[in-house]
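The structure is given below, and queries will be raised subsequently.
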């Protein structure tokens, strides 16, 4: 794969510290399990960041050098500083990839990039989720350990159900079936600016979902797919004509108006 | 058409008051010309609102009863109060249509709904714009006074050029050719929540664009297309299972954790 | 609604004649039940056509005057003459709407317009199907008799499961949950030429699905949505320049080559 | 890049043999110039095929081992045997990539995969084409030798103009501006089955377009993007339930009907 992809796993990291039952599942935090899943491919250079660090661990320097950022948050979305959200957003629009996980659907960064509420139905009943591959030729679905029917199962998960209040995905890769009767668009891709965003539904903190081999492969593939490949600066330039233009009619050529407005737009 | 569509035309209304040359083109303001174009169809009930009014003329009561809002702004985007922007956004997500005009590409409301910078290239040279109909069967393109080649021209306009920093449109209806050498996605549709958004490029204040019959027909069609047809309230409900579920394993059934988290998400 | 929409319901009409159990459900054929559902709105002028008629009941004159065609077929797809398929296809590309029903996924006309195999998984087990509204603001989802959760149920249906081998829908309106564990993109929209195509999954002949009020409302809405609004003739015209062009360099101006090729493309 | 991508360049190869002026530009045929462009990256293993060969050079064995097929045709579309077209189509649906070049818009294979006429406007006037990058972060736009404005020019080309009668592209990468006044969606992506299709507009035989470095880079990138990554067999399987199902009501359980139909669908 050449140079490793520079990935950062961001985790709110509260449940694992406050609840014994969750610490048992993720003793070092969800972020560490995801980090290890990426690292063992040999194709990523991974670091982690958490809410309680200065700048939530997301300094300008770090983000500048990050090609793809994974985001797990749940009960402390409103504790993430707006300034850091804006910083992450600018990097996504410039080209950094963003992989939003599970309850991150309600994070400030995801809602800001989507422009919608990102609401959904939910239920915690430790029920079965069956994830169907809708686009088997999509890079994020490549080489998944799914059975020949084209799905894999997570035996116990939180339910998320439609209507998921998102813009129409640019690509829809996975759809979930839930034992309790719902469906959900579980793997969705969007482009925003030069950045690529992947939302992946599973991953409630109460279940060992991030140890699932299919889930890990999807997170790895998402990193390959979303990693920054081009950096674009925001600008809204006044651009000289590329072809010869006739003189405009006198009534439109009075420069006073135009010149007064030029620096405004 | 049954009951008239309740439309509101919002205009910043500054250029027309401050610049004699622009007042000559739009003596009562751009909003009045658009309002008249809608009214003369007999299918709209139109009112107008401007920046200088209390709440920018966009009270809760008015918006509650508005099915489609047209938005023209340019030099005073930053003077629009964030609270009003948020109010408009919530109504769009609930179902109200939004037609964003020309320099409105940089308005707070449009950028917030798109999630991107909405930057572009631009030039004021009074040049020719030729607008090509890319989807002739789209409702917004219906019955346009275009020639048989499938385009219409605006003799003098400001240029906007690609790369237009928007999410991929859900539907692309028009693409512009500019005499100076650029192209632009001039008519773009998006869904956000239950609301429909149409961006239409032409309409610089220095030119009599809003008197153009094809432009007027497009604005009328956009109103038909975007007008609210269903109102959806934002909610993220905890939903009981629709099918019988087995008891979860003991390790996931310890209700303490779950119950503590339930009111948080 | 002004002038009624001219709809034709096409039915293979074999099961109902050959199987007593199915005749009990649809004594006059599936087409008659759909025709009545449209007619009782007062907004359609409906006729029907069946496989055993001359030209399968789809004469040039009839199709020329049809704004939307509904298509139900199953065991006799290969008995539909290629010439008639081509005739229908040309009318769709010109602008006629097409609503493809259930096992019509494997019809010649649908496969030809999609360009793919349109394969899927299937099972006849009379199981429950729950249809979720993914885009509640889409015209085809308007005013459905769904409960507040945003779904409706069909108590007994054949199962169709993903991967459905279709091009990515231009709009995805419904997704089905099946009791046996599958999901399916049940309501899909595409544009082809000037025509609009809607595929709707439910409707196996062994079950009284077309009497369901939500299903009937969807078929009515699909007719409103797909009905031809503009007719476009296929042509690939040699088009004179709209702007002055310089003389081409001598090496490209030798007309011999160009003129020989002009009538070929 | 690991193992080279197995690419085949298919060319009608008539103009170059029949017209001296065109032979001067492409002495060994258009296919050889494209083949060399791919080969010099070191990432492709390339072979070529032409119309006049047995099976048009596209044997089952060759196609079975091809990951991406490039297609240039113009005056002899109707001479391509339907059987070979069907063979290519099946391989695309299984997963083989297809890059359709210029006048290949009217080839049987492209029209069959699109489901539309693929008509357009055209003019041979050796005019300037300026190709704008609409999605600079798309893999096919990566590392292009474009100037900072985000475009490149081809000094002399045939014009293709909208309305291009294609299904809405899954991704729109390039839009062309023509000196004579038209626009065109010049770089379009679609998924069909497991296959990826890229259409690229430039490349009229009368001009040395395939020597252009930006064009060559796009063809290379298209090969990386479209190359088969997963092979999917067509099947429409009867699938047993994944979850326990209740006994169906007696009236639907009479197996006679069901069993008679099972082998039909």
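By letter and in written order, the chains are A, B, C and D; residue numbering begins at 1 in each of them.
What we mean here is this: a residue touches a chain if its C-beta (ideal position, glycine included) is under 8 Å from a C-beta of that chain, and two chains touch if they have at least 3 such contacts.
Bear in mind the structure is a predicted one, so any value in this text is a computation, not a measurement.
Q: Starting from the defined contact criterion, work out which chains touch chain A and chain C both, please.
A: Common contact partners of chain A and chain C, which must touch each of the two, are B, D.
Q: Any idea if chain B and chain D meet via the same residues, over half in common, or different ones?
A: Chain B vs chain D: same; shared/all numbers exceeds half.
Q: Please report how many Å separate the Cα centroid of chain A from that of chain B, as a whole number.
A: Those two chain centres are 26 Å apart.
Q: Provide the C-alpha centroid distance between chain B and chain D, rounded to the nearest whole angstrom.
A: 36
Q: If you average the CA atoms of chain A and of chain D, how far apart do the two points sit, in angstrom?
A: For chain A versus chain D, the centre distance works out to 31 Å.
Q: Give the residues of chain D touching no fewer than two other chains, as numbers and ranges.
A: Chain D, residues with two or more chain partners: 121, 130, 135-136, 149, 161, 168, 170-171, 179, 181-182, 191, 193, 239, 242-243.
Q: Which chain B residues qualify as touching chain D in the complex?
A: Those residues of chain B that touch chain D are 121, 130, 132-136, 149-150, 161-163, 168, 171-172, 175-178, 181-183, 185.
Q: For the complex, which residues does chain D have touching chain A?
A: 95, 130, 135-137, 139, 141-142, 149, 170-171, 179, 191, 193-196, 229-230, 232, 239, 242-243
Q: Sort out for me which residues of chain B touch chain A in the complex.
A: 15, 19, 21-22, 74-75, 93, 103, 106, 112-117, 119-127, 156, 159, 161, 165, 167-168, 170, 179-182, 190-193, 206-207, 234-243, 245, 248-249, 251-254, 256-258, 260-262, 264-265
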